[in-house]
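Just below is one structure, and these are the notes that go with it.
Each chain carries a letter (A, B, C and D) given by its place in the written order, and its residues are counted from 1.
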Amino acid sequence: MSEPVQVKFFARLREELGVSSLNIPAEVVPDLDALLDWLVKAHPQWQPALQGKLMTAVNQSMTSSNVALQPGDEVALFPPVTGG
Amino acid sequence: MSEPVQVKFFARLREELGVSSLNIPAEVVPDLDALLDWLVKAHPQWQPALQGKLMTAVNQSMTSSNVALQPGDEVALFPPVTGG
Amino acid sequence: MRTTAIDVRVGSDDFNVQVEYDALCSHNTDDGAVVFFVGRVRDLNEGEAVHSLHLEHYPGMTESVLQQLAEQAAGRWPLNRVRIVHRVGDLHPADQIVFVGVSSPHRQAAFDGAAFVMDVLKTEAPFWKKETGPDGTSRWLDARQSDTTLAERWR
Amino acid sequence: MRTTAIDVRVGSDDFNVQVEYDALCSHNTDDGAVVFFVGRVRDLNEGEAVHSLHLEHYPGMTESVLQQLAEQAAGRWPLNRVRIVHRVGDLHPADQIVFVGVSSPHRQAAFDGAAFVMDVLKTEAPFWKKETGPDGTSRWLDARQSDTTLAERWR
(Lines give C-alpha, C1' and ligand atoms only; values in the text may rest on other atoms or scores of the structure.)
Protein backbone atom coordinates (compact mmCIF):
# COMPACT_ATOMS: atom_id res chain seq x y z
CA MET A 1 0.00 0.00 0.00
CA SER A 2 1.41 3.38 -1.05
CA GLU A 3 1.88 6.38 1.20
CA PRO A 4 -1.18 8.60 1.59
CA VAL A 5 -1.45 12.28 0.62
CA GLN A 6 -1.32 14.43 3.76
CA VAL A 7 -3.55 17.51 3.86
CA LYS A 8 -2.93 20.35 6.31
CA PHE A 9 -5.21 23.25 7.20
CA PHE A 10 -4.13 26.50 8.81
CA ALA A 11 -5.48 29.52 10.64
CA ARG A 12 -9.16 30.43 10.15
CA LEU A 13 -9.71 27.45 7.84
CA ARG A 14 -8.29 25.04 10.44
CA GLU A 15 -10.63 26.54 13.05
CA GLU A 16 -13.64 26.38 10.73
CA LEU A 17 -13.04 22.75 9.82
CA GLY A 18 -12.00 21.75 13.33
CA VAL A 19 -9.19 19.66 11.85
CA SER A 20 -5.52 20.49 11.40
CA SER A 21 -4.53 17.62 9.14
CA LEU A 22 -5.73 14.37 7.62
CA ASN A 23 -4.43 11.62 5.38
CA ILE A 24 -6.12 10.51 2.18
CA PRO A 25 -5.26 7.43 0.12
CA ALA A 26 -3.25 8.70 -2.83
CA GLU A 27 -5.26 6.58 -5.29
CA VAL A 28 -8.46 8.60 -4.74
CA VAL A 29 -6.87 12.07 -5.16
CA PRO A 30 -4.84 12.07 -8.39
CA ASP A 31 -4.71 15.88 -8.47
CA LEU A 32 -5.68 19.00 -6.49
CA ASP A 33 -9.15 19.32 -8.02
CA ALA A 34 -9.88 15.69 -7.10
CA LEU A 35 -8.64 16.35 -3.59
CA LEU A 36 -11.04 19.27 -3.12
CA ASP A 37 -13.93 17.20 -4.53
CA TRP A 38 -13.05 14.39 -2.16
CA LEU A 39 -12.95 16.72 0.87
CA VAL A 40 -16.40 18.15 0.12
CA LYS A 41 -17.90 14.76 -0.65
CA ALA A 42 -16.51 13.24 2.54
CA HIS A 43 -17.39 16.30 4.67
CA PRO A 44 -20.35 18.18 3.16
CA GLN A 45 -20.39 20.55 6.12
CA TRP A 46 -16.95 21.83 5.01
CA GLN A 47 -18.21 23.14 1.70
CA PRO A 48 -18.73 26.80 2.74
CA ALA A 49 -15.27 27.06 4.28
CA LEU A 50 -13.60 25.32 1.33
CA GLN A 51 -15.34 27.57 -1.16
CA GLY A 52 -13.79 30.70 0.38
CA LYS A 53 -10.71 32.39 -1.00
CA LEU A 54 -7.91 29.95 -0.22
CA MET A 55 -4.26 29.49 -1.09
CA THR A 56 -2.78 26.08 -1.85
CA ALA A 57 0.70 24.73 -1.33
CA VAL A 58 1.99 21.35 -2.52
CA ASN A 59 5.11 20.12 -0.75
CA GLN A 60 5.46 23.59 0.78
CA SER A 61 5.45 25.44 -2.54
CA MET A 62 2.56 27.70 -3.42
CA THR A 63 0.59 26.67 -6.49
CA SER A 64 -2.37 28.16 -8.29
CA SER A 65 -2.94 25.44 -10.87
CA ASN A 66 -4.35 21.93 -10.68
CA VAL A 67 -1.13 19.96 -10.20
CA ALA A 68 -0.98 16.16 -10.10
CA LEU A 69 -0.43 14.55 -6.68
CA GLN A 70 1.91 11.70 -5.80
CA PRO A 71 1.85 9.32 -2.82
CA GLY A 72 3.53 11.05 0.12
CA ASP A 73 2.78 14.57 -1.10
CA GLU A 74 1.95 17.21 1.49
CA VAL A 75 -0.89 19.53 0.50
CA ALA A 76 -1.78 22.61 2.54
CA LEU A 77 -4.91 24.75 2.29
CA PHE A 78 -5.07 28.09 4.04
CA PRO A 79 -6.52 31.60 3.85
CA PRO A 80 -4.52 34.38 2.19
CA VAL A 81 -1.50 35.07 4.37
CA THR A 82 -1.30 38.03 6.78
CA GLY A 83 2.20 38.00 8.29
CA GLY A 84 4.89 40.65 8.39
CA MET B 1 28.40 102.50 7.60
CA SER B 2 26.18 99.46 6.93
CA GLU B 3 27.09 95.84 7.64
CA PRO B 4 29.03 94.06 4.90
CA VAL B 5 27.95 91.00 2.96
CA GLN B 6 29.84 87.97 4.19
CA VAL B 7 30.92 85.38 1.63
CA LYS B 8 31.88 81.84 2.62
CA PHE B 9 33.60 79.19 0.52
CA PHE B 10 33.57 75.47 1.23
CA ALA B 11 35.37 72.26 0.32
CA ARG B 12 37.26 72.11 -2.96
CA LEU B 13 36.38 75.73 -3.78
CA ARG B 14 37.74 76.92 -0.43
CA GLU B 15 40.97 75.05 -1.09
CA GLU B 16 41.29 76.39 -4.64
CA LEU B 17 40.76 79.99 -3.56
CA GLY B 18 42.83 79.63 -0.40
CA VAL B 19 40.20 81.65 1.48
CA SER B 20 37.33 80.46 3.68
CA SER B 21 35.43 83.73 3.99
CA LEU B 22 35.60 87.43 3.24
CA ASN B 23 33.51 90.56 3.78
CA ILE B 24 32.44 92.86 0.98
CA PRO B 25 30.81 96.30 1.40
CA ALA B 26 27.12 95.75 0.74
CA GLU B 27 26.94 98.82 -1.53
CA VAL B 28 29.13 97.23 -4.22
CA VAL B 29 27.26 93.88 -4.40
CA PRO B 30 23.54 94.63 -4.82
CA ASP B 31 22.83 91.07 -6.01
CA LEU B 32 24.45 87.67 -6.53
CA ASP B 33 25.55 88.40 -10.11
CA ALA B 34 27.25 91.59 -8.96
CA LEU B 35 28.93 89.63 -6.16
CA LEU B 36 30.41 87.12 -8.60
CA ASP B 37 31.58 89.93 -10.92
CA TRP B 38 33.18 91.68 -7.95
CA LEU B 39 35.00 88.50 -6.85
CA VAL B 40 36.49 87.91 -10.30
CA LYS B 41 37.44 91.58 -10.77
CA ALA B 42 39.12 91.74 -7.36
CA HIS B 43 40.77 88.33 -7.75
CA PRO B 44 41.33 87.50 -11.44
CA GLN B 45 43.18 84.33 -10.48
CA TRP B 46 39.91 82.98 -9.01
CA GLN B 47 38.10 83.02 -12.32
CA PRO B 48 38.65 79.33 -13.27
CA ALA B 49 37.48 78.09 -9.87
CA LEU B 50 34.45 80.41 -9.81
CA GLN B 51 33.43 79.37 -13.32
CA GLY B 52 33.07 75.72 -12.26
CA LYS B 53 29.77 74.13 -11.34
CA LEU B 54 28.86 75.73 -8.01
CA MET B 55 25.90 75.90 -5.67
CA THR B 56 24.89 79.10 -3.93
CA ALA B 57 23.18 79.69 -0.61
CA VAL B 58 21.97 83.04 0.73
CA ASN B 59 21.43 83.14 4.46
CA GLN B 60 21.80 79.35 4.52
CA SER B 61 19.07 78.69 1.95
CA MET B 62 19.97 77.27 -1.43
CA THR B 63 19.15 79.56 -4.36
CA SER B 64 19.53 79.15 -8.10
CA SER B 65 18.40 82.65 -9.17
CA ASN B 66 20.03 86.07 -8.98
CA VAL B 67 18.57 87.29 -5.68
CA ALA B 68 19.14 90.81 -4.29
CA LEU B 69 21.54 91.10 -1.35
CA GLN B 70 21.09 93.13 1.84
CA PRO B 71 23.69 94.38 4.30
CA GLY B 72 24.49 91.58 6.75
CA ASP B 73 23.55 88.80 4.32
CA GLU B 74 25.59 85.60 4.40
CA VAL B 75 26.36 84.18 0.96
CA ALA B 76 28.00 80.78 0.52
CA LEU B 77 29.53 79.34 -2.63
CA PHE B 78 30.44 75.67 -2.81
CA PRO B 79 30.72 72.68 -5.13
CA PRO B 80 27.75 70.29 -5.51
CA VAL B 81 27.27 68.50 -2.20
CA THR B 82 28.48 64.93 -1.60
CA GLY B 83 27.31 63.97 1.89
CA GLY B 84 25.21 61.07 3.09
CA MET C 1 29.85 35.91 -8.83
CA ARG C 2 28.62 37.51 -5.66
CA THR C 3 27.96 35.22 -2.67
CA THR C 4 25.26 36.66 -0.48
CA ALA C 5 25.30 35.75 3.21
CA ILE C 6 21.70 34.91 4.08
CA ASP C 7 20.29 34.33 7.55
CA VAL C 8 16.63 33.39 8.10
CA ARG C 9 15.03 32.63 11.46
CA VAL C 10 11.45 31.88 12.47
CA GLY C 11 10.48 31.37 16.10
CA SER C 12 8.98 32.79 19.24
CA ASP C 13 12.20 34.42 20.48
CA ASP C 14 12.47 38.19 20.35
CA PHE C 15 15.30 39.73 18.31
CA ASN C 16 17.68 42.55 19.08
CA VAL C 17 18.10 45.21 16.43
CA GLN C 18 21.70 46.00 17.31
CA VAL C 19 22.69 42.34 17.12
CA GLU C 20 21.08 42.03 13.68
CA TYR C 21 22.66 45.29 12.52
CA ASP C 22 26.09 44.21 13.78
CA ALA C 23 25.72 40.93 11.90
CA LEU C 24 25.11 42.94 8.70
CA CYS C 25 28.15 45.15 9.33
CA SER C 26 30.85 43.13 11.09
CA HIS C 27 33.98 42.66 8.98
CA ASN C 28 32.12 44.31 6.15
CA THR C 29 33.83 47.24 4.45
CA ASP C 30 32.23 46.52 1.08
CA ASP C 31 28.78 47.81 1.91
CA GLY C 32 28.15 51.53 2.26
CA ALA C 33 24.39 51.10 2.69
CA VAL C 34 22.32 49.24 5.27
CA VAL C 35 18.53 49.36 5.20
CA PHE C 36 16.30 47.63 7.63
CA PHE C 37 12.64 47.33 8.39
CA VAL C 38 11.04 46.35 11.68
CA GLY C 39 7.36 45.48 11.89
CA ARG C 40 5.78 45.97 15.32
CA VAL C 41 2.42 45.26 16.94
CA ARG C 42 0.19 48.35 17.04
CA ASP C 43 -2.42 48.96 19.70
CA LEU C 44 -4.93 49.96 17.03
CA ASN C 45 -5.41 48.12 13.75
CA GLU C 46 -8.07 48.92 11.16
CA GLY C 47 -9.91 50.87 13.83
CA GLU C 48 -9.97 47.99 16.33
CA ALA C 49 -8.16 48.13 19.67
CA VAL C 50 -5.60 45.35 20.00
CA HIS C 51 -4.84 43.63 23.28
CA SER C 52 -2.77 40.80 21.87
CA LEU C 53 -1.83 39.20 18.61
CA HIS C 54 -1.33 35.52 17.88
CA LEU C 55 0.88 34.61 14.95
CA GLU C 56 0.36 31.17 13.43
CA HIS C 57 2.62 29.81 10.72
CA TYR C 58 3.31 26.74 8.59
CA PRO C 59 6.50 25.31 10.08
CA GLY C 60 8.97 24.30 7.42
CA MET C 61 7.30 26.21 4.60
CA THR C 62 7.81 29.59 6.28
CA GLU C 63 11.55 29.09 6.56
CA SER C 64 11.79 27.87 2.99
CA VAL C 65 9.72 30.77 1.59
CA LEU C 66 11.81 33.33 3.50
CA GLN C 67 15.03 31.70 2.30
CA GLN C 68 13.78 31.82 -1.29
CA LEU C 69 12.77 35.47 -0.87
CA ALA C 70 16.23 36.36 0.39
CA GLU C 71 17.79 34.53 -2.55
CA GLN C 72 15.48 36.26 -5.03
CA ALA C 73 16.38 39.65 -3.56
CA ALA C 74 20.09 38.77 -3.79
CA GLY C 75 19.59 37.78 -7.43
CA ARG C 76 17.92 41.07 -8.35
CA TRP C 77 20.07 43.54 -6.40
CA PRO C 78 23.74 43.57 -5.35
CA LEU C 79 23.15 42.63 -1.71
CA ASN C 80 26.05 41.13 0.24
CA ARG C 81 24.02 40.25 3.32
CA VAL C 82 20.32 39.60 3.92
CA ARG C 83 18.77 38.83 7.29
CA ILE C 84 15.13 37.95 7.95
CA VAL C 85 13.69 37.21 11.39
CA HIS C 86 9.97 36.55 11.90
CA ARG C 87 8.36 35.82 15.22
CA VAL C 88 5.41 33.52 15.87
CA GLY C 89 3.21 32.91 18.90
CA ASP C 90 1.62 35.44 21.24
CA LEU C 91 2.64 39.08 20.99
CA HIS C 92 1.44 42.37 22.47
CA PRO C 93 1.40 46.01 21.35
CA ALA C 94 4.91 47.43 20.81
CA ASP C 95 6.36 43.91 20.45
CA GLN C 96 8.61 43.32 17.48
CA ILE C 97 7.20 41.00 14.80
CA VAL C 98 9.59 41.00 11.88
CA PHE C 99 13.08 42.19 10.97
CA VAL C 100 14.35 42.52 7.41
CA GLY C 101 17.86 43.91 7.00
CA VAL C 102 20.07 44.10 3.93
CA SER C 103 23.47 45.56 3.19
CA SER C 104 24.77 46.64 -0.19
CA PRO C 105 27.42 48.83 -1.75
CA HIS C 106 24.52 50.88 -3.16
CA ARG C 107 21.80 52.82 -1.37
CA GLN C 108 18.95 52.26 -3.81
CA ALA C 109 19.68 48.54 -4.05
CA ALA C 110 19.46 48.32 -0.26
CA PHE C 111 16.13 50.16 -0.15
CA ASP C 112 14.67 48.12 -3.01
CA GLY C 113 15.93 44.81 -1.64
CA ALA C 114 14.42 45.41 1.79
CA ALA C 115 11.10 46.67 0.39
CA PHE C 116 10.89 43.70 -2.00
CA VAL C 117 11.41 41.17 0.80
CA MET C 118 8.75 42.82 2.97
CA ASP C 119 6.22 43.20 0.15
CA VAL C 120 6.50 39.62 -1.04
CA LEU C 121 6.72 38.24 2.50
CA LYS C 122 3.39 39.92 3.23
CA THR C 123 1.65 38.12 0.37
CA GLU C 124 3.48 34.77 0.11
CA ALA C 125 4.97 33.71 3.44
CA PRO C 126 2.54 31.46 5.35
CA PHE C 127 1.89 33.47 8.50
CA TRP C 128 -1.55 34.39 9.84
CA LYS C 129 -2.46 36.96 12.47
CA LYS C 130 -5.29 36.62 14.95
CA GLU C 131 -6.02 39.69 17.02
CA THR C 132 -7.68 39.72 20.41
CA GLY C 133 -9.37 42.91 21.56
CA PRO C 134 -9.62 44.29 25.10
CA ASP C 135 -13.00 42.52 25.51
CA GLY C 136 -11.42 39.14 24.76
CA THR C 137 -12.98 38.61 21.34
CA SER C 138 -10.66 37.36 18.65
CA ARG C 139 -10.63 37.80 14.89
CA TRP C 140 -8.43 36.51 12.12
CA LEU C 141 -7.10 39.40 10.03
CA ASP C 142 -8.03 39.52 6.37
CA ALA C 143 -5.38 39.94 3.72
CA ARG C 144 -5.36 43.46 2.34
CA GLN C 145 -5.56 44.49 -1.31
CA SER C 146 -2.98 47.21 -0.63
CA ASP C 147 -0.43 44.52 0.21
CA THR C 148 -1.20 42.64 -2.98
CA THR C 149 -0.77 45.85 -4.97
CA LEU C 150 2.61 46.56 -3.35
CA ALA C 151 3.81 43.03 -4.07
CA GLU C 152 2.71 43.18 -7.71
CA ARG C 153 5.08 46.04 -8.53
CA TRP C 154 8.01 43.60 -8.23
CA ARG C 155 6.63 41.12 -10.79
CA MET D 1 -3.21 67.21 12.92
CA ARG D 2 -0.28 64.88 13.38
CA THR D 3 2.69 66.19 15.37
CA THR D 4 5.88 64.54 14.21
CA ALA D 5 8.72 64.19 16.70
CA ILE D 6 11.86 65.24 14.83
CA ASP D 7 15.43 64.87 16.02
CA VAL D 8 18.37 66.13 13.95
CA ARG D 9 22.04 66.00 14.99
CA VAL D 10 25.24 66.90 13.18
CA GLY D 11 28.63 66.37 14.79
CA SER D 12 31.73 64.26 15.05
CA ASP D 13 30.29 61.85 17.64
CA ASP D 14 29.44 58.34 16.55
CA PHE D 15 25.86 57.12 16.93
CA ASN D 16 24.43 53.86 18.23
CA VAL D 17 21.80 52.16 16.12
CA GLN D 18 19.97 50.59 19.06
CA VAL D 19 19.74 53.95 20.85
CA GLU D 20 18.28 55.59 17.75
CA TYR D 21 15.91 52.69 17.17
CA ASP D 22 14.75 52.77 20.79
CA ALA D 23 14.10 56.49 20.46
CA LEU D 24 11.83 55.74 17.48
CA CYS D 25 9.96 53.02 19.39
CA SER D 26 9.81 53.93 23.08
CA HIS D 27 6.26 54.59 24.30
CA ASN D 28 5.15 54.22 20.71
CA THR D 29 2.32 51.78 20.03
CA ASP D 30 0.98 53.81 17.08
CA ASP D 31 3.66 52.84 14.61
CA GLY D 32 3.78 49.34 13.15
CA ALA D 33 6.62 50.17 10.76
CA VAL D 34 10.17 51.37 11.36
CA VAL D 35 12.59 51.84 8.47
CA PHE D 36 16.10 53.01 8.81
CA PHE D 37 19.11 53.61 6.66
CA VAL D 38 22.75 53.71 7.74
CA GLY D 39 25.45 55.01 5.42
CA ARG D 40 28.95 53.70 6.12
CA VAL D 41 32.46 54.32 4.82
CA ARG D 42 33.53 51.75 2.23
CA ASP D 43 37.13 50.72 1.67
CA LEU D 44 36.66 51.01 -2.09
CA ASN D 45 34.82 53.87 -3.78
CA GLU D 46 34.54 54.36 -7.55
CA GLY D 47 37.43 51.94 -7.96
CA GLU D 48 39.74 53.84 -5.59
CA ALA D 49 41.01 52.34 -2.31
CA VAL D 50 39.98 54.47 0.67
CA HIS D 51 42.17 54.90 3.72
CA SER D 52 40.20 57.70 5.34
CA LEU D 53 37.38 60.11 4.62
CA HIS D 54 37.09 63.71 5.75
CA LEU D 55 33.60 65.16 5.94
CA GLU D 56 33.34 68.94 5.77
CA HIS D 57 30.05 70.75 6.28
CA TYR D 58 28.49 74.21 6.52
CA PRO D 59 27.71 74.59 10.23
CA GLY D 60 24.27 76.03 10.81
CA MET D 61 22.99 75.40 7.29
CA THR D 62 23.41 71.61 7.57
CA GLU D 63 21.22 71.44 10.67
CA SER D 64 18.60 73.69 9.11
CA VAL D 65 18.49 71.74 5.82
CA LEU D 66 18.15 68.41 7.67
CA GLN D 67 15.40 69.83 9.87
CA GLN D 68 13.54 71.05 6.78
CA LEU D 69 13.97 67.66 5.12
CA ALA D 70 12.49 65.90 8.14
CA GLU D 71 9.56 68.33 8.12
CA GLN D 72 8.98 67.86 4.40
CA ALA D 73 8.97 64.08 4.84
CA ALA D 74 6.50 64.42 7.73
CA GLY D 75 4.30 66.60 5.53
CA ARG D 76 4.21 64.07 2.70
CA TRP D 77 3.86 60.81 4.64
CA PRO D 78 2.24 59.88 7.96
CA LEU D 79 5.47 59.68 9.98
CA ASN D 80 5.24 60.02 13.75
CA ARG D 81 8.97 60.14 14.37
CA VAL D 82 11.93 61.11 12.20
CA ARG D 83 15.56 60.99 13.29
CA ILE D 84 18.58 62.13 11.27
CA VAL D 85 22.17 61.93 12.48
CA HIS D 86 25.08 62.95 10.24
CA ARG D 87 28.71 62.82 11.24
CA VAL D 88 31.47 65.22 10.19
CA GLY D 89 35.25 65.12 10.56
CA ASP D 90 37.65 62.25 9.94
CA LEU D 91 36.26 58.77 9.37
CA HIS D 92 37.64 55.40 8.29
CA PRO D 93 36.28 52.35 6.42
CA ALA D 94 33.36 50.68 8.25
CA ASP D 95 32.68 53.87 10.25
CA GLN D 96 29.09 55.03 10.34
CA ILE D 97 28.37 58.28 8.47
CA VAL D 98 24.64 58.87 8.51
CA PHE D 99 21.51 57.51 10.17
CA VAL D 100 18.00 58.17 8.89
CA GLY D 101 15.18 56.47 10.80
CA VAL D 102 11.42 56.94 10.56
CA SER D 103 8.42 55.32 12.17
CA SER D 104 4.91 55.21 10.78
CA PRO D 105 1.69 53.26 11.09
CA HIS D 106 2.24 52.23 7.47
CA ARG D 107 5.06 50.27 5.90
CA GLN D 108 5.21 51.99 2.53
CA ALA D 109 5.12 55.44 4.14
CA ALA D 110 8.08 54.47 6.28
CA PHE D 111 10.07 53.19 3.28
CA ASP D 112 9.23 56.25 1.18
CA GLY D 113 9.93 58.72 3.98
CA ALA D 114 13.36 57.27 4.70
CA ALA D 115 14.32 57.04 1.01
CA PHE D 116 13.12 60.61 0.41
CA VAL D 117 15.23 61.99 3.26
CA MET D 118 18.33 60.16 2.03
CA ASP D 119 17.86 61.10 -1.63
CA VAL D 120 17.34 64.80 -0.96
CA LEU D 121 20.01 64.90 1.75
CA LYS D 122 22.48 63.60 -0.84
CA THR D 123 21.78 66.48 -3.22
CA GLU D 124 20.89 69.41 -0.96
CA ALA D 125 22.54 69.10 2.46
CA PRO D 126 25.89 70.96 2.50
CA PHE D 127 28.33 68.16 3.25
CA TRP D 128 31.44 67.38 1.20
CA LYS D 129 33.60 64.27 1.25
CA LYS D 130 37.36 64.21 0.72
CA GLU D 131 38.91 60.77 0.42
CA THR D 132 42.50 59.91 1.19
CA GLY D 133 44.00 56.81 -0.40
CA PRO D 134 46.57 54.40 1.05
CA ASP D 135 49.35 56.44 -0.64
CA GLY D 136 48.28 59.61 1.17
CA THR D 137 46.83 61.43 -1.82
CA SER D 138 43.49 63.13 -1.30
CA ARG D 139 40.62 63.91 -3.64
CA TRP D 140 37.32 65.67 -3.23
CA LEU D 141 34.49 63.46 -4.42
CA ASP D 142 32.37 64.67 -7.31
CA ALA D 143 28.61 64.75 -7.05
CA ARG D 144 27.02 61.89 -8.98
CA GLN D 145 24.33 62.13 -11.61
CA SER D 146 22.73 58.98 -10.18
CA ASP D 147 22.07 60.84 -6.92
CA THR D 148 20.49 63.75 -8.79
CA THR D 149 18.26 61.33 -10.67
CA LEU D 150 17.13 59.63 -7.45
CA ALA D 151 16.33 62.99 -5.84
CA GLU D 152 14.33 64.18 -8.84
CA ARG D 153 11.74 61.40 -8.50
CA TRP D 154 10.42 63.14 -5.36
CA ARG D 155 9.80 66.49 -7.11
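Here are a few things to note about the model shown:
Following the convention adopted for this analysis, a residue touches a chain if its C-beta (ideal position, glycine included) is under 8 Å from a C-beta of that chain, and two chains touch if they have at least 3 such contacts.
All values derive from a computational prediction rather than experimental measurement.
Steps from chain A to chain D, taking the shortest chain of touch contacts, total 2. Annotation: 27 Å between the Cα-based centres of chain B and chain D.
In terms of their C-alpha centroids, the spacing between chain B and chain C amounts to 49 Å.
We define each chain's centre as the mean of its Cα atoms; on that basis chain C and chain D are separated by 23 Å. Multi-chain contact residues of chain C, defined as those touching 2 or more other chains: 39, 107, 118.
Looking at chain B, residues 84 sit in touch with two or more other chains. Contacts between chains, counted with the stated touch criterion, involve the pairs A-C, B-D, C-D. In the complex of the two chains, the chain C residues touching chain D come out as 16-18, 21, 25, 28-45, 93-94, 105, 107-108, 110-111, 114-115, 118, 150. Looking at the complex, you find that chain C touches chain A at residues 39, 55-58, 60-61, 64-65, 86, 97-98, 118, 121-130, 140-143.
Those residues of chain A lying in contact with chain C across their complex are 8, 10-12, 15, 55, 57, 60, 62, 76, 78-84.
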